[in-house]
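Below: one structure, written as structure tokens.
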Amino acid sequence: MTEIGQGFVKALELIISLDPEVMEIAWRSLRISAASTVLASLICIPIGGLIHFRSFRGKRILINIIQTFYSFPTVAIGLLVFLMISRAGPLGFLGILFTPAAMVVGQMVLITPILLGLTISALSGVDKAIKDTAISLGATEFQAIWAIIKEARYAVMAAVTMGFGRAISEVGCAMMVGGNIRGFTRIMTTAIALETVRGELELAIALGIILIGLALIINVVLNIIQQRYT
Amino acid sequence: MFLLEVANLHQKYGKKEVLKGVDLSVEKGEVLALIGPTGAGKTTVLRILDLLDAPAAGKIYFAGKDVTRYQRLRLETRRRMALVFQKPVAFKASVYDNIAYALKVRGHNGSDISAKVSSMLNTVDLADYGNRNAQTLSGGEAQRVALARAMITQPEVLLLDEPTANLDPLSTSMIENLIQRFNREYETTIIMATHDMAQGQRLAHRIGVLMNGELMQIGKPEEIFARPRNMKVAQFVGVENIIKGTISSNDGGVVSVDVDGKTIEGISDYHAGEEVSVCIRPEDITLALSKTSSSARNSFPAEIKLIASSGALARVELGCGFPLVALLTRRSAQEMGLEVGKDVYASFKATAAHIIKG
Amino acid sequence: PAPQLVPDEPVPLLPALERVRVATTTSLYDTGLWAHLEPMFEEEFGVELDVLYAGTGIALEWGRRGDVDAIATHARAREEEFVAEGYGVERVVFAYNYFLIVGPADDPAGIKGLGPEEAFKRLMETGAGRFVSRGDDSGTHGKEKAIWREAGFDYEVVRGAEWYIEAGRGMGPTLVMASEEQAYTLTDMGTFLAFKADLDLVPLVTEGDILLNVYSVIAICPERHPRTNIEMANNLIDFLTSPAIQRLIGLYGVEEHGMALFTPAAGMEGK
Amino acid sequence: MTEIGQGFVKALELIISLDPEVMEIAWRSLRISAASTVLASLICIPIGGLIHFRSFRGKRILINIIQTFYSFPTVAIGLLVFLMISRAGPLGFLGILFTPAAMVVGQMVLITPILLGLTISALSGVDKAIKDTAISLGATEFQAIWAIIKEARYAVMAAVTMGFGRAISEVGCAMMVGGNIRGFTRIMTTAIALETVRGELELAIALGIILIGLALIINVVLNIIQQRYT
Amino acid sequence: MFLLEVANLHQKYGKKEVLKGVDLSVEKGEVLALIGPTGAGKTTVLRILDLLDAPAAGKIYFAGKDVTRYQRLRLETRRRMALVFQKPVAFKASVYDNIAYALKVRGHNGSDISAKVSSMLNTVDLADYGNRNAQTLSGGEAQRVALARAMITQPEVLLLDEPTANLDPLSTSMIENLIQRFNREYETTIIMATHDMAQGQRLAHRIGVLMNGELMQIGKPEEIFARPRNMKVAQFVGVENIIKGTISSNDGGVVSVDVDGKTIEGISDYHAGEEVSVCIRPEDITLALSKTSSSARNSFPAEIKLIASSGALARVELGCGFPLVALLTRRSAQEMGLEVGKDVYASFKATAAHIIKG
């Protein structure tokens, strides 16, 4: 347990000294996860809205399948994305394997089921009367969906937060498609994993603490924005 | 041509038949009130008219066009109407944004929206409420916001589901004025569900009585109130006196009905021997302290069983061989010194005795 | 030098800098040797050297698929097979050291000072004490299997034994597990020294030809994978086997551990 | 990409042949994740209800912190749990390191923030009038919380599904505290990771497919139960 | 001793003062109606009485005990009451489970619950609805379920927020009967918010008029209706005739009020020279075709400006130097042949002219 204490001390040291490598890794983690969360949200929230809004055969089954993919292991997703973008794969010509772009793609794939599923369940929480009201006031399908999303904005935000959390905290996929290359694709979690297997537990803990600190700051900022604009 | 017309409307929820073939047509500028007991299907009809729900069977025509199924037409048509729900919900947003919604979805520009919303806020007397969170309004305030939200586009057809159910009398009359103004100024066609029959009478050109998924009767308010088509409608529209009897004679349209040995005269085409019910609205019964020689063909000595006051009116229950309820102003009741046990004469005209079959 | 693109290949989405990728085995990475050498190489050739941390299996797989330009591993038989299949140009040895068998200080099976084959025989016969295996088909695991074979046992029988634990993980975690469980294990020198401070284990068997651990580097065959940066892969091989770097490898670790972690071995392809 | 096709074939082979090792690993994965999800739910749903129900200073901050922990990397959680239960740690005397029990504990820690956070946001979706109604009908605090939870049952179920998904799909923590010991603590995800580092990509994919298949079956069963009892 | 008593209740939402010192006390078995315009604070009072919200200031006593703050007492006290909300929500469960809820939380056993629920379902006429999903009920059905859910524990105090706002007249009178039965059979104390003043009059022993967070007047229904304390109450309780004037003389309690040269006589203690308003309920004004020698002290020739019918009543607007509205039964209006432009005499007693300050 002393390691945890020492980890804290080390974390403080790293932060105070603005250790350039740590800063760089943290910044990269943030950028990659933010990018994948934003992109995935832009895709998933409208699609989730559409799935919620329309009634069609197999809707329950579709939602079931989406929820099932919550359980898709990150290593397996990493593997799939790897097979797609590896030079021998169908998207190999893009040449993005072992680059940050690959990590963004991987994380997007990773959090898509969560964003979709949680968006749908957030929207199911909205009173059906809201939908009826929007439609009867002349909203088109998309306008009505947007109205429902706005009603459920806290829960949708929670879904996005969850997606971001999953993106920034996962390691299996990032390792697989990013390659954990120092100075290029090394992010907080792959760095932690590396320090752990190398036995540098204190450093691993310090990085973990910094990651959590970062996440906290982001959460607080998002919350302030949310409260300002509602 | 009718502006809005429905033919043979059926609706089902699960196995329950909620509408059983409703036909209805409304002209431009008309105010139609749908009255009926709870669960009759009023809300169901309004939702179908607003093209929110598709009927299980039947057709809807708007301005002559069949709009029952064609998706593209539906939005277009819906934008020419507005529905205020029975339990209105507010969007989690300001009052302003709630009212502006219908304009926003139609792509109006900001300054136009802002002008229209402020004027609408004034109209519904909520000028200072623009920035309030619409979720924290009191029941009546919320109802007014819902009305404003629907009216802001000046729809051709306004569908109102119990528009004043949550309002106090002052707000009610404000809203009623608003509805009337809308109807007159913009020739808005209005279809409203209400359980307040007096309201129907005040506002509507025609009243439809919906019961158990069937449109029992539709017509001018006077007609519905004075000449209900059957027993159920009679009961529902507040005919408290429904007296069973047998026609003993029909003398050129004036019938005598035998009720346990007493004779009530009325106007009807039914023939001698037929079983009928005599309906007399309580307000059509006059009470007098002595036998007067009025024009009323029916006059019975009666004993007062109960007096209850309700608003400006006093409700007097009488016994005169058959039970009879009379309604008069509280003032006359007081002036006549009516009290339980007192003997009076109850009289009503033959024209006030409406005869129905069964 | 400007990046060499094969003309009929589509232009990659993110061309950016010229990058050379080498997949390296964990034991080499964990000692910090790569971190030491990487800047020197980048300085000398003006490129970005991407060192990918990998197990032997996945490193070879990446090589087969053309996702890296070179691999640096320590599993001779598999490396030779890789070259024979035409994926690699040539196996170039650049360093070696020794594996060792470590275990709890009380040494319940009494293997201290024995040869590796005898030690394993002892473990099998007495059944005293436990043994944690990498169990991940890594170079180290391959070596362990080879020792079992030399000792005269069928590996399938060995892994069925009750005292035999297959960790299925990298060297570091396997050492941690052995320490926690107070069990024996086979480890490379570099990783053991790196973890030593946190471990409750001591070296027991350190001598024996079979314990030799040879590291080699292989450039990916450009005929197989046209986009291989063969020029830089060759530069890397030349770099690692250059006398200056060989000398550095021979000195690496002396400062920190008081002993060299590797012996330079350029030219010792027969090992 | 052919690997994916071959992975499917391999998965089918493994399933049809009822490969005893794969079956055993799958069954162990299931048991461990189910145990941790059930235990964590029993703790988190009531606590989430309490946090939602009560108003207290710092409530928003607390929720913020809980949401922040969505981003706690699984490897870091694994590390922390490892430090607690390792022989030198404060709970070392339990001797549960590298046992399935440790993995259950690790997964519980891992999914607690998600279960708590999603439960709270599920409950926030419930009309406040439900709370008032329950209370005015004489419910005690816990009865009212229970009523709210029942109102939000679909969203709460979605939270539990999400927790289970995260538990069964994560690898960092399981690897760290379970150790991936063949025949004892090896579960689907650690097995996939192992096959991946071994370069046995087809086998890894086959295992991934089996895991998803399992998750799908569980989801369908849960759904049927849910529909039967509502 | 009062069963329920509140003293100096204040409530704020944000900066808005919603209650400004309300004092109220209710005896066991009493029915009190709170009336007031929308946004007056009726719902706010009921929520505080049910101990759902804590007041910003003030005290609440139940059976003499201060229950304002003590947590333990609050649950115990709350279980002796029940509140039916203005917009009732149903639990996502069957109608049966909704109604059973209050018994379940009190730990009643299954057979007891099942017996009570079935009997309650009968009482509110929803016997077949036990297994229905409570979320799909029509407006009126939902309201009845909410009532049943509250009444099932036979609470000592029943708080009703607009209990019949969503109901048709038949259901309304059913619910009103139910409320009365409850009050009589179990001596249940009832406090209800309503905007239907006639309902208040029908059901309540006392009526409180809440306006803008203040209890303006409280008293017997007759009192409130006939003798509103001030202009706002007068307007609210439907006194349509409020005529400004100056007292010209006071002759032993009988005052003459000068209104633009005309004189209205009334009963009052105010002195000559004081500015007052004369309130006359429209139903207290009699119309006659010729000048009659009735006992009415006030009689003015008037011209009919407008006639509108509303239910059993006709509303006649008159001009006689000042505007005057009279309410009479439709029948009398017809019999007298009233029509716009006709000249009539409008008369009312001095006792019907209620004089207020200002």
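Think of it as A, B, C, D and E in the order they're written, each chain with its own count starting at 1.
Basically, a contact is a pair of C-beta atoms (placed from the backbone, for glycine too) under 8 Å apart; a residue touches a chain by one contact, two chains touch by 3 or more.
Computed from a prediction, not measured in an experiment: that's the story for all the values here.
With contact taken as defined at the outset, chain B and chain D are each touched by A, E. Traced through touching neighbours, the fewest hops from chain D to chain E number 1.
Farthest chain from chain E (centres taken as the mean of C-alpha atoms): C. For the pair chain A and chain E, the distance between mean C-alpha positions equals 57 Å.
Per-chain Cα centroids separate chain C from chain E by 89 Å. If you average the Cα atoms of chain A and of chain D, the two centres end up 17 Å apart.
Taken residue by residue, chain E touches two or more other chains at 87, whereas all remaining positions touch fewer.
Annotation for chain D: residues touching 2 or more other chains are 127, 176, 196, 201.
Multi-chain contact residues, meaning those touching two or more other chains, occur in chain C at positions 170, 173. The complete set of chain-chain contacts reads A-B, A-C, A-D, B-E, C-D, D-E. On the side of chain A, the complex with chain D involves touching residues 1, 3-4, 60, 64-65, 67-76, 79-80, 83-84, 89-90, 114, 117-118, 121-122, 124-127, 152, 154-155, 158, 161-162, 164-166, 168-172, 176, 188-189, 192-193, 196, 201, 204-205, 207-208, 211-212, 214-216, 219-220, 223. Listed in rising order, the residues of chain D touching chain E in the complex are 127, 129-130, 132-140, 143, 147, 150-151, 153. Chain B meets chain A in the complex at residues 47, 50, 52, 75, 78-79, 81-83, 85, 87-89, 91-93, 101-102, 105-106, 149-150, 153. Note for the complex: chain E touches chain B at residues 13, 35-39, 43, 86-87, 136, 138-141, 143-144, 162, 165-172, 195-198, 201-202, 235-236, 238, 281-284, 286, 308-313, 327-331, 352.
The residues of chain A lying in touch with chain C in their complex are 86-88, 93-99, 101, 179-184, 194, 196-199, 201.
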